[in-house]
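Each of the two complexes below includes chain A, the first together with chain B, the second together with chain C.
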Partner chain A sequence: MLLKRILQFFLLYALFIGCLLLLKYSLQLSDYVIPGPVGMLQTLTTKYRSYGLATLNTMSIAVIGQVVSVILAFTLGIIGRQSTWLGSFIKVAAYNIQAYPIVALAPILFILLGDGFLTRLLIAAMICYFPLLLSVLGIMSKPVTDIEHFYRATGRMRWQLEVKIRTFENLNQLTTVIAGSATLAMAGTIVGEFIAANAGIGYTIRIALYQSDLAKILIALFFIGITIAIYQAMLELLGIAIRRAWTGK
Partner chain B sequence: MAQGATTTAESMSLICEKLTFTYPAKEAPILAQVSFQLITPGFHSFFGPSGAGKTTLAKIITGELHDYTGQLITNGLDRILYSHNKERLPGWSSVDHHLSKVITPSLLPEKDKLVDLFGLADCVNARFDQLSMGQQNRVNLIRYLLQDCDLLIMDESLANVDELTRETIILSLKEMFPARYFIYISHNAREVAKFCDSILVFQGSNQVHAPRMLQGCNVRTNTERNSAELDAVLLEIMNAA
Partner chain C sequence: MTMILRFLSRSVLVCTLLLFLHSTYCSANDNITYRLKWLRNVSVVGALYAEHNQLFSKAGLNVTVKPGGPERDAIRELELGRADFGVASADQVLRARAKGAPIVVIAQLFQINPLQWIYRPEKLQLGSLADLKEKVIGVTFGGNDESIMRTLLAEGNLDSSQVRLFSVRYDYTPFYRKRVQLWPVYRNAQGPIITAQLAQEGEKTAYFNPADFGVKFVANSVVTHVRTLKEKPELVQRFLGVLLSGWQQALDPENEKAVLSLLQHYEPNIPQTIQQEQLRITRTLIQPDPTVAIGRIDHAGWDQTQEIMVSQKLLPHTFALQEILKPQKSL
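Let's turn to the complex of A and B:
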């Protein structure tokens, strides 16, 4: 799984670079617009350390943001599954708020909280939170009647059992959603860094953009891609391990 | 309206009078003027073609469906359970573990006895989805049988189980739970004619007449089997259906 993901990324990245080079040589663009392979390699050798660290910095924020989102999404999803006033309120609020582009709120956070760790974390968490919440709400609100009937009829149904049944029956969907939200968390962090942060790979790309240095941007994209590929593969492996342990398959 | 009353076990009964029910989206009632009485514990049956209203009536009896007209009196039948053949057990642990968790510890020997009688001794350590459909239905039935209830409605609960095992199960249920009411919903005319005390025969979904209550052979373990009587009941069922 891990190797497959990395290989897939390398193939896509190579295809992307190949297309850029094709464009460069067919339109005879200068190295200033699209750098040549030598320029890219030189940037890689000089910047790999700082860009690698910047990507890890961004990744760590994204991971923490995702964990916070998953915990929050499950908490609210479990409360919101009920057909009570609170449950309905959570559902309506989640559906309405998710329609709003969260990234547009980022400037407010930067104004209120500055450009440090907390702001980046909040943006990352908010961007991956709502899709997660909607998925968890959908899963937790849908009864698994053929299993739950017995427990309801005999008065044995507790909220913990209900959540356990619905989680177990939708384990594949949940692990896919959580693995997919990793990309959203990373995207959220990078977008936050683009806007106003003072660290991370998004901040590095912003500087490269001001310098109009495409080689730096391409190397930054490489580090982002490879890191997400590894992180997603690890999440998927974790999902498979949990599934095996729980379902015995 | 359904009425319940605290009565002794001997006076438990289920009385249904001119019960009519129409699903909200439909124009014609699925149940029209249904009247019957179950006044003795034992094996009773709802028999009829698919879509005739057997499951609907079962759900009305358990209180899952309301808004009917007529009367449904559940004298002393305070705990009514409805089991059906589409039910599943959670898949995170073995069947035996799940069964043990949903019955009181004092009933564990009964559980082991039923597992043996139902021919499930070899597969209780497997997970539910590893069992055949017949085994799944038998496991599901065991957990219902070991609940504290006065009336158990078994909606195709023995589907996909071979005839010989079904016979063994029904006979042992009669022996082990003589004070309990059972309503067995089945499409097997011979089986209900042979083992049931009374049979409410439903007609097709375009029924003209209300369901008719017939007397079955009510065969028990020690009962002498009379094939002429069985044939007569079968004939009556066919005429009524």
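Let's turn to the complex of A and C:
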């Protein structure tokens, strides 16, 4: 799984760079518009250490942000699954928060929390939690009638049991959504760093943009891509392990 | 007779077709896109004036003035053929040339760099560069203000550990809350706005101008593709002539009322008194010396800009600037 994901990423990245180089040489563009392979290699050799560390920094925030999102999404999803006033209120609040563009909220967060760890974490969690919440709400709101009927009829149904049944029956879907949300957590962290931070690969990209240095941006994208590929593969492996432990399959 | 008539009619048809093709070719030639570096504000008032008063069309040029922004790069657009002329800062031009971008500078708009640092003179005395020691100074990491500030620190025999460089963005709160003592602003655009806001709170402001300490870093210039200058020198002359005439007229105090109404059109939220101040300061930055023509290329300034960038490893080596700087006859 891990090797497959890495190979797939390398293939995609090579295709992307290949297309750019094709464009560069067919339109005879300078290295300022699209850097040549030598320039990219030079940037990689001089920047691999700092960019690698910056990506790891971003990744650590993204992982924490994703964990926060998963907890938040499950908490809200479980409360919001009921057709009560509170359930409906949570749904409306969740939709509203998602509707606000993060670039408009970021300066407010920046003023309130500064430009450090918390701002990045919050932006990552805000971008990541919504698709998770939608999935959790969808799963938790849908009764598994065949199984639940027995417990309801026998008067043994409690909310914890209801959640367990629905989670178990939709485990495949949930693990896929959680693995997929890793990309969003990473994207959210990068957006946060781009707007309001002094560290991480998003901040590095911002500096490269100021310097109009596309080679640096392409190398940063390489690091982001490879890190996400590895992280996602690890989450998928974790999902398989959890499914095995729960279902024995 | 029939043969002659047929020959004549065919000749007329061919001539008409040639004339049509010629006129189409000419008008296609005169369709020009001019990409600004920033949004439509006082820093580009010359182009706005020329556009609004149809100076370009009166000169037979069909110019589309396109606003710039952080995500726009005029040099890339020139190379991709999406623009014919553009505005770029000196560091952008030098970086692009270092990477083989075929662009040349045909005029320099700002004679004094508008990028300066605002501070509160009641809390801070800046008589020499040594006074920067232990101050919290805002810089845009990766931006040309960082290069300028690092040069100033080097000139003042200070290293970056002796000051605190604070990463700035578009939000001025850290300066308003006095967390940062010096904040980079465009003297003519944001400067008067912040000054007015702080004046309302009873606070005075002053500006730290690197040029006062001998550091000249060239700001915005008009650039074009090498091919355009080579193949259409007359077009370059015409365009630049009209553009600089636009600047001349926009900065003429006699046209102030019209210019202010133009600025109000693009930035209706800024009070006219502030725009008047913006315009006054812009005059001093574009043409500090009335005997020097608007658009003059300051070779010494470019030399220093290049030296700064090489010393900070932002450029691999120096270039022969005469290959890049191509002042036009009218200048």
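By definition in this document, the second predicted complex is superposed on the first by the 242 of 249 C-alpha atoms of A that agree within 3 Å, B and C clash if a C-alpha of one lies under 4 Å from a C-alpha of the other, contacts with A are read in each partner's own complex, and residues count from 1 in each chain.
Quick note on the criterion: a residue touches a chain if its C-beta (ideal position, glycine included) is under 8 Å from a C-beta of that chain, and two chains touch if they have at least 3 such contacts.
Being a predicted model, the structure only gives us computed values, none of them experimental.
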Name the contact category of A:Arg156: first (chain B only), second (chain C only), both, or neither. first
Who does A:Ala187 touch here: chain B (first), chain C (second), both, or neither? neither
With touch defined as at the start, can you tell me which chain C residues reach chain A in the complex? 70, 73, 75-76, 79-80, 92, 95-96, 99-102, 140-143, 167, 169-171, 173, 314
Show me the residue ranges of chain A that touch chain C in the complex, using the header's touch definition. 27, 29-33, 35, 39, 107, 110-111, 115, 195-196, 198, 206-213
Can you tell me which positions in chain A touch chain B when the two form their complex? 146-147, 149-151, 153-154, 156, 164-165, 168, 246-248
Along chain B, where are the residues that touch chain A in the complex? 62, 81-84, 86-92, 102, 127, 140, 143-144, 147
